[in-house]
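My structure is below; once you've seen it, I'll send some questions.
Chain lettering (A, B, C and D) follows the sequence in which the chains are written, and residue indices restart at 1 in each chain.
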Amino acid sequence: MKVDGDLARQVIRPRLRESHKGSYGRVLLIGGLYPYGGAIIMAAIACVNSGAGLVTVATDRDNITALHAHLPEAMAFDFGERDRLLDNLRAANVVLIGSGLGESDAARQVLDLVLANIRPDQNLVVDGSALNLLAKKNKKDLPDCHLTLTPHQKEWERLSGFRIPEQTVSNTQKALGEFQAGTILVAKSHKTAVYQGEKVAHLEVGGPYQATGGMGDTLAGMITGFLAQFASIDRYKAVTVATWLHSAIADDLAKNAYVVLPTHISKAIPSWMKKLSI
Amino acid sequence: MKVDGDLARQVIRPRLRESHKGSYGRVLLIGGLYPYGGAIIMAAIACVNSGAGLVTVATDRDNITALHAHLPEAMAFDFGERDRLLDNLRAANVVLIGSGLGESDAARQVLDLVLANIRPDQNLVVDGSALNLLAKKNKKDLPDCHLTLTPHQKEWERLSGFRIPEQTVSNTQKALGEFQAGTILVAKSHKTAVYQGEKVAHLEVGGPYQATGGMGDTLAGMITGFLAQFASIDRYKAVTVATWLHSAIADDLAKNAYVVLPTHISKAIPSWMKKLSI
Amino acid sequence: MKVDGDLARQVIRPRLRESHKGSYGRVLLIGGLYPYGGAIIMAAIACVNSGAGLVTVATDRDNITALHAHLPEAMAFDFGERDRLLDNLRAANVVLIGSGLGESDAARQVLDLVLANIRPDQNLVVDGSALNLLAKKNKKDLPDCHLTLTPHQKEWERLSGFRIPEQTVSNTQKALGEFQAGTILVAKSHKTAVYQGEKVAHLEVGGPYQATGGMGDTLAGMITGFLAQFASIDRYKAVTVATWLHSAIADDLAKNAYVVLPTHISKAIPSWMKKLSI
Amino acid sequence: MKVDGDLARQVIRPRLRESHKGSYGRVLLIGGLYPYGGAIIMAAIACVNSGAGLVTVATDRDNITALHAHLPEAMAFDFGERDRLLDNLRAANVVLIGSGLGESDAARQVLDLVLANIRPDQNLVVDGSALNLLAKKNKKDLPDCHLTLTPHQKEWERLSGFRIPEQTVSNTQKALGEFQAGTILVAKSHKTAVYQGEKVAHLEVGGPYQATGGMGDTLAGMITGFLAQFASIDRYKAVTVATWLHSAIADDLAKNAYVVLPTHISKAIPSWMKKLSI
């Protein structure tokens, strides 16, 4: 599958006039635990700018003010409120867990709660430290749902057992095969590829100006936003296009920037999606 | 009534030189209770940018820092301070309640306090979850005041008893007739209309790029700002023009944005009002 | 005295190469007590953008995060820390008190502490609610210092005893005469004038687009910044030019804005001062 | 050594395609203790915009929300958490201490902890009040590491024993000789110079529009970012170019600004570095 603006145009279709915010999905983002509060803020900024209908963030209570200073558009609650978390989990079309989650006991508990309650019809995007926690689990025990994994090479090493030099396409496909059928893998590196079953899409965008903290959180937020909004589109295409767009925007910004800040990518999403939709 | 720039020009008149901030109204905005703090922030940003003279926000104490990070122009206090709330209620020309209010006991109590103390000469705008709380009350018990309701279709279903497919003009007018005479209804949908008594104005602006969280809070803030500032103008015209302007700005921003963020609309209000005033 | 760009050019001179931040004054801003936190934030933003060398804010502890979210350039401490307040008071060239101070017991106490400790060589700018507190004091008891008062008409009524229709030039000069010699009065209205002894400067800038909350706080911050930075210039000229610039910028912004936000004025100060300095 | 764009181009090389955020260094910034929270925020903004790979801030817990409101890209923790501080210290390539640190007991303790644990292979940048604390120590007791000092004239007086009029090149080199070999000195004044051993580079950029609070914190953040990112480049060149770039950007912004705000310099860093890298 060639990944370019043409593929993006297949996903980013003009919106139907008779729609409302519920038409574009309900998202629950879980992460940003101390001392990593900024990560889920960046994911949320990306997700809202990608066009998700309703975005709710479960994070440290102390992190809510900074989130709202950036993004009053998102609702936010204390991730430790178990009942509220379960309510939001039930209502969500797409759940992202992991951006700035850390690996504390609290992080493990909230991940376990999500894994125990996610439904087969729901999307679950696992990012960042949640991938390290997942690596310690038996893949057979993972719940049945639409799973997307977004590891960088070191996280994929922990998940797949393949060290970085061994992360060839065939080894990666083999390791991905241990997850349930349909699982999507966004294998992040200087040559990012997106996998599902036998499919693999190599991206020809992106560059070293993206090598800065928060870049992955922003990508995770975009993927989540695309899955929420383009629910009627093939999931693999939606994830691939979100990943492509993230780096295509970075390439453009890098014409005038030595390092591209994650939040600058997010601000550019609506105008790029507009251009691709017409 | 045709709703367009010409109608807007009738409302948005050049300001008189001999005026001061008190000339443009005192507004009290009530909402933004945990976990919905962002909603009242968006309403306040819209209200200040619409030109209200003095804007005060009653919200969760924890929400004040995020509000001030966006908008030092607004005063803000803990909604639980009963005496301060009553003082501000007395001083206000226009009160907005509901954006991010939720339906907790605390939310119910503050709504009841407002309904028990509002005066016939004051404007009350009821938005969001406060509409759901209102739906549980007997309409005969509502206080005498200048009332404006801003429900989306599901909220109007609860208020009117008419399910969404039944929300025709005549049914809507019939249901509106159960509220006191003069009540204005902003019936939000993909074809928003503004009602008062026998009058109905159908808007021909707006689009699905507005289908994102916070859009309604921003509209409620604009309506409140217009009622405060244009107190000598026919209320129905003022509300209709505020509603029109909200979507007219969105249409313009959507030329370069797949999804239009509520706060982006607010930033564009002063320049649009200027253009319409000359 | 004609107040225009030519006068401004006499005050806003190119800076000397051999200078450092201490050359441009130390400022202490006191105010922003709950529920008026935003006021001192706006004063501080204006003061830093006006070019004051070092700006420190004494405010409610809960207000510091919102201040720093706008302006990391300012230091900030809890106004209730008496020793720190006295240390900062001693070190300051210019003290502003009143923007968002309120009239609580705590407000009264901090005003009294300032009045008891200000020195004859220091500038004291009194704004907002501190003017109301001052109105209750015997003018004979006010300390010897370089005093600037920035009342709007209602505040001047309380201070002068003259009701608004009676606030003629001669009555205003008479009332100003009861303050110590050299006291500067910025009499804010839709035709603002600046007084000192027999001198009066009528401003021909400004308009009703400035009639919004926070406009006065921003002016107070600019006046404070000018007094700090242009310490070798005649104080009356410096205050007059700061007041003129505040409205001259508003006039310019109002070409594209129905209402001019206070923080938008502040952002434009450095470029205006640059243009006037060459 | 002539310090200009040509030297900058030797340092700011195009990034290698096969790299990741770890390739650009791990930074630990320590400071921003009450009431100086803004200082470390400005250092962090500068550091991230300079291209450091991963930036972590140790500061007052109360300062984290304001930091994240500016910069979700940085991680942040309570500087009083000794174990976490030691973990982050161990992982860092470059440590900055001093911006807004103050001279309290807590400040002294955290400085001592850093001095006791820094390794010979690590860079330590000492700025602001940490320089005053250092001045009270015996230079023989300072640890072996790659040290950079960034004093202004008064701080250098305390460190060197030379009063400001005595701070000639030869006296400065003599005083610098008392520190371990290789120590870099950024001697800030209206004619800033950078020293290492016998080398001295006089900068011909910068001006009095930089005489405002936070300018030094921003410079410290840039130097830290350059040391982290350009680890394979001669340290003296990297520090000199960071210092040059800081003022070169200020000179450019000053064409349209009477006073240049520190955060405005930081925003311009990525585009300047891009231009210098091609």
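Here is the rule we go by: a contact is a pair of C-beta atoms (placed from the backbone, for glycine too) under 8 Å apart; a residue touches a chain by one contact, two chains touch by 3 or more.
Note that the structure is a prediction, hence the values are computed from the model and not measured.
The pairing of subunit A with subunit D is characterised as different-residue: of all residue numbers used at this interface, under half are used by both copies. Of all the chains, the one whose CA centre sits at the greatest distance from that of subunit A is C.
Note: centroid distance subunit A to subunit C, computed from Cα atoms, is 49 Å.
As a whole-number value, the distance joining the C-alpha centres of subunit A and subunit B reads 35 Å.
With touch defined as above, residues shared between interfaces to two or more other chains in subunit D number as follows: 65-66, 69.
By the touch criterion stated above, subunit C contacts subunit D in their complex at residues 12, 15-21, 23-24, 48-56, 64-66, 68-69, 71-77, 84, 269-271, 273-274, 277.
Within the complex formed with subunit A, the residues of subunit B that make contact are 34-39, 41-42, 45, 62-63, 65-66, 69-70, 152-153, 189-190, 207-209, 211-215, 254-263.
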